[in-house]
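Chain IDs A, B, C and D follow the sequence of writing; residue 1 opens each chain.
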């Protein structure tokens, strides 16, 4: 890692780059929101940000404090009710990209944000729960996950399937009747994982500059497959970094 | 027509021990003042319902008002976890908290069904997740035309729904705008409803993006200026983000939490 | 983003012979100009869908564009009957018109299901009426929680929905207000959509009661000032009630109707 | 009929008197709308007028030209979508009174507004159809019907059941699962019919001044039951007539 930027910055920049201009993106709060707003402020000015609070086409000029920040309503093309955002906008497959985080993630891109350890009724750690994620993961054209890579998070088996990736492998999404395409990419602070077309298993396809395969393997709780053609990501440009830092500096301001 | 009442009267009349209570609000317009009044009046054994139980539910849970929580996302929005909620689930403090857990889409549709006088709602949801293993009331239903299997969830019918809005007029017509979440559905799904408002005015001048609840669909309205603090009321106040950030430390420790409740809730007078 | 097109282009591109077409509008904002363009372009074998087929559908039916009508109330609003519709049903003139008949609640929920990506909708409706005897796609469905029997109707998914609105901006974001009926649902339920507007503006200033359809959810927008005449566009025009009253006499007689179509529709140029 | 007022005016006034102040009333266009607006302008200033176009609490100062007249939206407490007015407001039983017209009506208050004569597919007269009426008749607390009484309309059997009254007699509404109370009163240009508590059969309970039982029987296509205590309606007051005529004079003006 260069001293010029942090691993989190690299991760956020890499995630932002994945968002095509003009796409409609269902944005979770936290890392996904930062990356989506970075994309809109750089290469994707017409990215349509959709928040589960009912804000369609929000154009915040600072990072929202939550998915219900007033700036989202103030700048949205339309503010609709929460039932409407799920029923009329997410469920029919109108949203191109679902942008999610994860507390645990397995090799098939299944996500846990519910409980870790112990039993469901008596967990070691009680997490916030599902929110909009199960249906975002089911219905968006594709899903991009942004999550820090480590052994606690990248686990052989998630303790609870909150949101389905590829289930237990090829064909599972179809069998379950999930109409969205599933996780296209997982972007971490170490690199990028993509599902192998034949097995749906998340495979390391890119590394951030200065990161090694050994580091990525050591941060993954399963035998991590690595692509034959492993690409090294471009580091953040000066412009990307400047915009990202300006955005981050707006946190907590109004 | 809705009755205009004080907040203390409204809670005393409409929120009863053992009730199914929904305090709704999606980050915006959270009915904090009403929640504090429920704590002050010492309600017990409540089934608390909400899509996004946040700091006010953390406070109600920590204060021992709740027996059960029906929800889809329990966190401190934009900050992190709810420590009183976690302590109740992980350690049964101050008492056990039964959970009924859904997704947002499921909860939203359960309110829609309640508001619509239907016993259930249909959606594409939950499929392949572990939620149906632990939440009994998620079923499948077959389309009578295509044979396709979909998910059914039962209607939510709270005994009472409490929401905060910007304004009401003297006939109890309620006006809210900005992010209005699932509040209309939650009020219409409930048997009784209490709306706290920033102000009662003579006339509700129309506002873009407004949702108006006619007074004849609301049980009672109470003026509670600032009643959404530390959340915000668009056009009236901004979010007190420092409070949300500070809540993390206050709520991590049981004694510090209890002290906070004593000082900030129990000793405070009900507004209005 | 929606394409900005002329009305003639929009109809040529989006409305095809044999299509299932919904021109929606609930007394307000009826897309008359678009309907006339469909007549001018000589579309045939359309399945016309609408809750309240009124004068524009009377014209489309009389002009021979329709093979089938899916509807819940066919009348001249505030005046009486639709004589071209009656002539088609009673005397198969200018050709037979197949009917699929529902109630408003059923049609509205069919659009909701279409907009929601669900294959069917559930409601309390039709029970005890003779509608299910004649309309095949009304079924019963059993609540998986209570065992109660309710009614199911299949989603409506028009090939194209056409609506009229007050304004759009250059990115094709559409803004309408006043009585907006089922238009949002009808647009979102359709595979393609064409919105005619009173004017295209640089910026959509917010209006109380507005419904905004983002440009990325609309296929094409065509400027058609006065395109709702003789119905009205709140903020732009008032209803030409004399036209509605006068239509009764024009439409009673086949020759007089045909002459009216020749003079008022076929000879007129498409706007824009 | 006195020269001072017409039979239609008597009918409208009698209907208006049936609406309690403060009630929520689902109003059809035509005679019901006139009567409801008359009630609001006289004894029931807080009558809540609900129109199927989505206008809740409309307060027009002239007669609307249709259920979608702009004055309804301009004066409403709230304008909601058409799906919402049916799903959130009518279906759950929030509306006290449904106010309907009829093309045909039978002794159990079943209403036809669909087809008359011939077969459904090849009728003698094709009427507009159901509109909101089936669910208004099913779900409102009670139904008031306003209709001119004659042999064409008051028929032994309706040719098509568009909206259910009492079906074929006592218990039918319950069996069908209809949650509203059904027709409480039918107000005509001759008098008033109410369902007999034991049989649900529409029974003549009131006559307008100057109308005889024989006239009512002659205008009814079934053997009309007559109440033991037959009441004569009060004629329209000067105030009722003045307000009604002022309202009628607004027709077609804006």
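Going forward, a contact is a pair of C-beta atoms (placed from the backbone, for glycine too) under 8 Å apart; a residue touches a chain by one contact, two chains touch by 3 or more.
Quick caveat: nothing in here was measured; it's all calculated off a predicted structure.
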Chains touching both chain B and chain D: C
Higher-contact pair (C-beta pairs counted), A-C versus C-D: C-D
Length of the line joining the C-alpha centres of chain A and chain D, rounded to whole Å: 57
Cα-centroid distance, chain A relative to chain C, in whole angstrom: 40
Distance between chain centroids, defined by C-alpha means - chain A, chain B (Å): 28
Contacts with 2+ other chains: residues of chain C: 112, 117-118, 123-124, 148, 184-185, 209, 211
Of all residues in chain A, the ones touching two or more other chains: 87, 91, 139, 179
Overall pattern in which the protein chains touch one another (line/ring/star/complete/other): other
Chain pairs in mutual contact under the definition given at the outset: A-B, A-C, B-C, B-D, C-D
Residues on chain B engaged by chain D in the complex (per definition of touch): 1, 112, 115-118, 173, 184-185, 188, 211-217
Complex contacts: residues of chain D adjacent to chain B: 22, 24, 46, 48, 56-57, 77-78, 87-88, 91-94, 139, 179
For the chain A and chain B complex, residues of the former touching the latter: 29, 52-55, 64-70, 72-74, 79, 81-83, 86-87, 90-91, 114, 120-135, 138-139, 160-164, 167, 172-173, 176-179, 252, 254
Chain A-facing residues of chain B, complex: 26-28, 51-52, 71-75, 77-78, 81-82, 85-86, 89-90, 99, 101-105, 108-109, 111-112, 123-131, 133-134, 148-149, 178-182, 184-185, 209, 211, 232, 234, 238-239, 241, 244-245
List of chain C residues in touch with chain B within their complex: 117-124, 137, 139-141, 143-146, 148, 150, 152, 154, 206-210
